[in-house]
């Protein structure tokens, strides 16, 4: 191990890591927002909405994230969508992870005991209020872990935007492997930075989960 | 010349789990063709004793012999592994919860041992399976999967599986106590048939009536010791020990 | 804005077809290897001697925490610099296999531990050795009980196989890129490719469901 090299390249990698964090956060927000909409559609009483929600999940989960990124970034201009690599990457990743997050959200809601819904309805609550006051608060707790798994996958998934030249961790790693001829040192630096992010995220998810647990 | 060498010989068996001493020096000797029933309250160490004979539990002290071969001998790791696999092929063990292999058909459950351990060819092994299944009255289930069988049928297949290895002895650990009452008889019937064929057997059971009917000798265990043993007539009719009397009174007229 | 014109695609069906063939081939081989290696890793982690166990644990931890693309770069561009030159297809299959083997191992480890101890005891009482028992009795049952989870890993692997285009393997995505470099029609080709993945994915999922049903019936 060439530690001098590792020290020399570290600042560049830390900067790249911030880009990875940035793109992860933006995709996460997009993902959660879109997933909430899709989940609402899938649980709606309107058949057309349910179909659209299901189609969204099926299509985005049934095709590679890489293609979704390429379609938006390279294909976008053909249909009038011109985006910077960073923006295209963040949006495509967000739309992609939304499909998986929608599954987690639906799973959480469906896992809440049917009896809860029936009890609330029998008290005279409407469908919407039952959902908002009775089901969702319980489902939220159940969703944290699966959504956390999605978020961790997202952080690793951001490596894909290296393919459209976003200068994040994996892109930087590839460049330095080519220029330094020290693949293992570069891999080690990159791996450690990914691990730190994922470990931090895991701690955060654990803390959220516990915070929810203590509330009741 | 009479063959006096016992088929199973347990001498001074001791076993502890941490501070809990489960077997406190047990002696048990079973002659060829003899049937011994082991009774006693829950937690008295019956299963531990039986499992020690098969070396599923390792004794802290004492010896186990099978037909003149020491089961728990001191050997190197690899040598002992070879030795114990050899010895176990000569003992059939039947468990309370059947432990059939759910991913294998009835036929494969029975033939896997003969094929993989004895190198028997598949066609011959299937014939053997059919013979064994016939013995337990389940020939028509040869291609069924365990999940499709009743508890009684599962246990009969488990017995057939053990018999297919042509063991010298059969060990039963409460073979019927996980069964619905109406399924107990079909399994007991199979065990009685084995008794008629002079299979050497050790039967741990909670069914006193069955023990009295089938056993040549009954062993009453309590707290890790053999309190009393004798012919079923003596032990059930006029037990000598107070402990035995108490247990039997509770059990015979609950 | 050019507008879309899908008539540019049909002349490239042969090229895309060949790419699709490679995608299916690479995915199938990698799926198989990833399950076999997953079993191996799981057994090593559970029952291996410490000198084998700890490197495997470390490797699993490392590969779970890093992206597939980075791992592919390491294997393809990295190893060659220390004198290990693996052809692209080989590097792609190794990368995909190892990446998913690690996840499969994690799944299988739980599956193996969950197999009832009575199963091991029954096999041992028949005279099966430790490893014979694992391979004949425990692992087959673990594979069955974890089939849905292993199946979703295969589904993920099929999609992630698109990433091996980045090391120059002419699978589906790379074929599309070749077509695009001649036609300058990325939208049409990537959409077509997405549709092809979608269809193969549906077939794979249907196949996995079929197997699950069949296995379920024999329980």
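Every chain is named by a letter (A, B and C) in the order it is written, and numbering of its residues begins at 1.
In this text, a residue touches a chain if its C-beta (ideal position, glycine included) is under 8 Å from a C-beta of that chain, and two chains touch if they have at least 3 such contacts.
These numbers come from a predicted model, not from an experiment.
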Q: Would you identify the chain whose C-alpha centroid lies closest to the centroid of all protein C-alpha atoms displayed?
A: C
Q | Chain whose average C-alpha position is farthest from subunit C's own | A | B
Q: Could you tell me the distance, in whole angstrom, between the mean C-alpha positions of subunit A and subunit C?
A: 21
Q) CA centre of subunit B versus CA centre of subunit C: separation in Å? A) 46
Q: For subunit A and subunit B, let me know how many angstrom lie between their CA-based centres, rounded off.
A: 57
Q | Residue numbers on subunit A that touch subunit C, as the complex places them | A | 59, 62-68, 70-71, 74-80, 156-160, 162-163, 169-170, 173-174, 177-178, 181-184, 186-187, 190-191, 194-195, 198
**Q.** Residue ranges of subunit B touching subunit C (in the complex, touch as defined)
**A.** 54, 56, 81, 85-89, 91-93, 95, 97, 99-103, 105, 112-113, 116-117, 145, 147, 158, 161-162, 165
Q: Please give the residue numbers of subunit C that touch subunit A in the complex, ascending.
A: 1-4, 62, 65-70, 73-74, 77-79, 81-82, 159-160, 162-163, 165-166, 173, 180, 185-188, 190-191, 193-194, 197-198, 201-202
Q: Would you tell me which residues of subunit C are touching subunit B in their complex?
A: 116, 118-119, 121-130, 132, 136-137, 140-141, 144, 218-219
